[in-house]
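In what comes next, chain A is part of two complexes: it sits with chain B in the first one and with chain C in the second one.
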Partner chain A sequence: MDYSLVVAIELLREVAGLILIATGLAVIFGMMRVINIAHGEFMMLGGYTVVLTTKWGVNIWVAILILAPLVVGVFGILVERLIIRHLYGRIIDSLLATWGLSLFLIGFVTVAFGNTVEGVSTPFSSFSVGRYSIAIYTLFLIFAAIAFITSVYLTLRYTKSGLIARATMQNPDMVESLGINSKLVYMATFGIGAAFAGLAGGLLAPISGVVPGMGALLIGKAFITVVTGGAAVVAGTLSASAILGSVSQAVTFATGPVFGDATLLFVALILLRLLPQGITGRIFTRSV
Partner chain B sequence: MTRDITRRSMLKTTAAIGAASALPMIPFAAEAGDDIIVGGLHDLSGFIDFAGIPMNQIMLMAIEEINAAGGLLGKKLKGAVYDPQTKMPLYSQFATQLALKDKASVVMGGITSASRETIRPILHRYKTLYFYNTLYEGGVCDRNEISLGTTPAQTVEKLVPYSMGLWGKKVYTIAADYNYGQITAAWVKRYVEQNGGEVVSTDFFPLDVTNFGPTISKIQSAKPDMVMSVLVGTGHLGFYNQWAAAGMKNEIPIASTTFGAAGAELEILKPEVANGILTCYGYYPSIDSPANKEWVAKVNKRYPDKTPLLSELSAFTWEGMMIWADAVRSAGSLDRMKLIEVMESGKTYDMPSGQCAIDPLTHHAIRDVYIADLQDKTYIIKKKFSQVQPADTQLVCNLKETPNANKHYEISLE
Partner chain C sequence: MLRAISKDWLGAGFVTVIGLAILFFVPVLFDLFEVLQMTKYVVLALFVLSLAYIWGFGGILSFGQAGFFGLGGYAFAVSSINMGQTTVPFLIAIAVAALFAAALGYFMFYGRLSDVYLGVVTLVVTLILWKLINHTAGPEYVIGTARLGGFNGIPSIPIMTLPWQPDQEMEPSHMFQYFMAILIGVYVLLHILIKSKFGRIAISIRENEVRTGLLGYDVRLYKLAIFTIGGAIGGAAGAMWATYQTFVDPNIFSLEWSALCLIWVMAGGVGTLFGPMVGVLALEYLSFQLGQTDFINNLIIMGVILIFLVLLLPKGLFPTFRDFVTKHWNRRHE
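== the complex of A and B ==
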């Protein structure tokens, strides 16, 4: 009984982990069709923001929940202005440019802050489930993932800016003719996607440790989740994370992490063979 | 989305990225002249630069020191330093360059086993003496190479009985999923069983695994007396954070022959996460001997800023330089075979790490190893073992019988 509860919490945690790392990418890739290879490095910047500002005496929650998304969001807007806006509609070029950006960010952070900076320790303690003990931070990550998805859903579905964003992605010329500056919409969307990446990096910093190359460990799973999910940001991320996360984590429990990771790739392969447009290309097509 | 890009804006953007990413890391090559060339191949950039930069600093310090004492054979030493950037094609390019163009008398370097196996055959072919100063999984059999780092048989053999004596006989092993982790985990199992204990489970993790939740639950349900960690790399750092966050740090103790090997874990993890982890290496900066205190003071004096992290890797690089210089002095020559014969003569060297000799049959170091407890970023040495043999490599390699061997054996304990 205790064990099944522990397994359930860990399954949820893996699903939540995928949601956290994929939401920012889903916003940028799903809505703007820009492949941001530097997404992992955006998360790394979020992690560094938390590590450095807490070292300077900032409260850890302020660092994670406010500074990390703020810094990376502003940085994202800069990147959009300087690089991405020249490359809309040119998917391969944007891929190459953001790959270059990713290498540059790794190099820059290594030179500026070194390959080793002291991390932050995980806030909260742990609680017991029978003879198991689990970090309270694990539950916090699950709630953060729920908050991620809910906020994106509510914004896109029920606010005017969400409506404008969706309209711009569908038909920018029509939106322009209605008097809305589509460039601003793109800029804001990219900035928000980057802010989600920064927040994810900040949330993961206390449990994963922060190094310049950490983005590379996260980007693969983030992309697989977004591509498997398909075009709809919320329904896609949610369904892909739920399927991939729970199946791979269940296999990890049964056999170990090697087969867990392999299963994640295998399930994604099958899903994409059956649903080349992603899950939301066929199912939940009317969702956001 | 229909905005065109102008040539000028494109040029501006790419120029800015290009200028910013051209980092000032230009390798300088020494011209072969009257000087004796010492080649250095350490990763000065890339994901293990935290290990390579101190090794290179210490190598340069050793060169200065030998020159200050009058050089060797009446000549000055000159370093030829290249940065292979953790890239294997660059390793092979620079090794060839050192052997053929710079005519290096000796090459120090290689950090990962992959980089060593890239340059070792090249330096063997071109008959350029090679010192590999990093701890590794054991098994290199090559008369042209001197391997100074500890191997699993040297450290695991001591750490397992010591920690089992402290904590108990039920051991849970977690290891990195590549040859180093697999081989070391096999040694852990062997020594646990030899000491009357039991390995309840061995879990392997690919290097990019960052989430250890399921494993931590499994360890909790197995209830071992201790965890033996052979985790490697920055992805695996997450284990220690998640272990502490789950409240396990004071429940089940951890011993490791990989934790903090080059110092990165020590820097990145907070003391409240890392305190109490028991490790075993051939060198710690806190070794309490006059030779070591003098050496540490020398390093601090030479590098008052950016003081290199002292670990096995950097300490043995200095020892490699000194052992080589001693051989040149005794042989009165730079001839490779004469140097090898001096080093095979069974001489014992007094070093910062203790006493060290070269095993003539394997060209590996017979050295002192230490067990230390980590407290607030300082290693408190608990026990010293003198003159420990590289028993793993000795199983597969005998350079007296096969002097032309040129191979890395994967030592199997099955």
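== the complex of A and C ==
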């Protein structure tokens, strides 16, 4: 009984983690069909923001929930203005440019802060379930992911800006002719996607610590979740995270962490073989 | 028409002659250290040919070419340590990389994944390989007598021998010549392949996939074949890299290697075979020189170069230069 509860919480944690790291990427991909390869490094910047600002005495919740998304979001807008803006309609080129950005950021942070793991202390303690102990922060992560994806859904579904965003995803020319500057929408979307990455990095920093190369460990999962999910931001991310997260975590429990990731990829490959446009390309096609 | 074809062969012949000149004269003219350094460029030039071919002449942009490079390296390391010779392991390395490319290609091309998805899947597959190999540090991960060693890598990989002299380890200058001969051979074969019917269909797929399919060619099969050839070349380069270093570690699978390969191709120019090889030489020499001053991080340089190339020189250095020259040439002769 205790053990199954622990397994359930771990499954949820994995799913929650995938939702957090993939949503920012999904927003940018759904809007512009661009996969931002520097997404992992955006998360790394979010993590470093939390580590540095808490060192300077900022409250950790302010650092995670406000500063990390803010800093990375502003950085994202800067990147959009300097690089991405010139490459709309050239999808492959924008992938390559964001890859260049990713290399640059890893190099830059390595030079600035050194190639060592920096940590922040985890807020909250842990509680015990029978013989097992579970960090309260894990539960917080799960609730944060639920609250996060719910608010993204509500924003896209029920607000004016959400409506504009969805319309631009479907038909940018039509939106232009109705008097909305789609370039501005793209800029805002890229900024928001980056801010989501910053938030994810901030939330994960207390668990895993931060290191310049941490992006590479996260992006693989994020990418595969987004392409498996397909174009719809919320439904795609949710369904893909749920399937991939629970399968990989179940395998991890059975055989150890090495094959968990490999299974995640293998399931994703099979899903893509069956549904080349991702899950939401065939099922839930009318969802957000 | 006839003139255009002969002009094309002239270029390839010229490159081959340069290659043969390098093969014969470099070991005579340069000292040991420089020959070793240039052996590295030769191996990397073969590696870059794998991507230059599939991207430039098949329109397949693989973000995970390092995966085949690494698989080739590891397959060579494991099998040569087990077998105590190097000729069969070299072939095994090529076969392993080619088979892996074929299996992966089946999922991607028969799933009709688009460009973006293709890039992401190849990239993630390489990441997973990197992670898997990193986790094999324990003593239980043994293939025959070779321990995989996880993040410590596999040390003391045998030095390659010539197929007809299996008892004699190659000297550095002979290794340089052997590798250079392989590079020239692959270059010529690829050139013949590109000019053949197969190659022309591959180019038409790159230009317009739907139309080629409607003309009755099985696009998926052609792409699978191109990708597999690219994987095999990448695997060969990986095996050569392993024997050159006498060591492989999991970082051979890292994103940096895949990115470097892309940068070399982009710098040299997509759609040529010669340009990317020059790209390797120029950029590796540059980073070798910059590596001597250690306050500049190599990744920063590579990142900036990649962004710069995408934004300002999307065609690459060599084609830009070639177009510039032919434009002026034509103007003068009008």
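Going forward, the second predicted complex is superposed on the first by the 286 of 288 C-alpha atoms of A that agree within 3 Å, B and C clash if a C-alpha of one lies under 4 Å from a C-alpha of the other, contacts with A are read in each partner's own complex, and residues count from 1 in each chain.
Operating definition for what follows: a residue touches a chain if its C-beta (ideal position, glycine included) is under 8 Å from a C-beta of that chain, and two chains touch if they have at least 3 such contacts.
The model shown is predicted, which means the values in this text are computed figures rather than measured ones.
S.K.: Does the chain A-based superposition show chain B and chain C clashing or fitting?
M.R.: clash
S.K.: Tell me which partner A:104 touches in the superposition: chain B (first), chain C (second), both or neither.
M.R.: In the superposition, A:104 contacts both chain B and chain C.
S.K.: May I ask you to name which of chain B and chain C touches more residues of chain A?
M.R.: Here the partner covering more residues of chain A is B.
S.K.: Is A:223 contacted by the first partner chain B, the second partner chain C, both or neither?
M.R.: In the superposition, A:223 contacts chain C only.
S.K.: Which of the two partners, first being chain B and second being chain C, lies in contact with A:96: first, second, both, or neither?
M.R.: The second partner, chain C, only.
S.K.: Once the shared chain is lined up, is A:258 touching chain B (first), chain C (second), both, or neither of them?
M.R.: both
S.K.: According to the stated criteria, A:14 is in contact with first (chain B), second (chain C), both, or neither; which is it?
M.R.: Once the two structures are laid over each other on A, A:14 reaches chain B alone.
S.K.: Hey, what residues of chain A end up touching chain B and chain C alike?
M.R.: In chain A, positions 83, 86-87, 97, 100-101, 103-104, 107-108, 110-111, 216-217, 220, 257-258, 261 sit in both the chain B and chain C interfaces.
S.K.: Contact residues on chain A for chain B in the complex?
M.R.: 3, 6-7, 10, 13-14, 17, 82-83, 85-89, 97, 100-101, 103-104, 107-108, 110-111, 114-122, 124-126, 131-135, 137-138, 172-173, 186, 206-214, 216-218, 220, 249, 252-253, 256-258, 260-261
S.K.: Mind pulling up the chain B residues that touch chain A in the complex?
M.R.: So the residues of chain B in touch with chain A come to 1-3, 5, 9-10, 13, 16-17, 20-21, 23, 45, 47, 49-50, 177, 203-206, 208-211, 213-215, 217-218, 220-221, 223, 234-235, 237-238, 241-242, 244-248, 251, 263-264, 267-270, 272-273.
S.K.: Quick check: in the complex, which residue numbers of chain C touch chain A?
M.R.: Touch residues, chain C against chain A: 61, 63, 107, 110-117, 119-121, 123-125, 127-128, 131-132, 135-136, 254-256, 259, 262, 266, 295, 297-311, 314.
S.K.: If we count contacts the way the header does, which residues on chain A are in touch with chain C in the complex?
M.R.: 33, 35, 37, 83, 86-87, 91-93, 95-97, 99-108, 110-111, 216-217, 219-220, 223-224, 226-227, 257-258, 261-262, 265, 268-270, 272-274, 276
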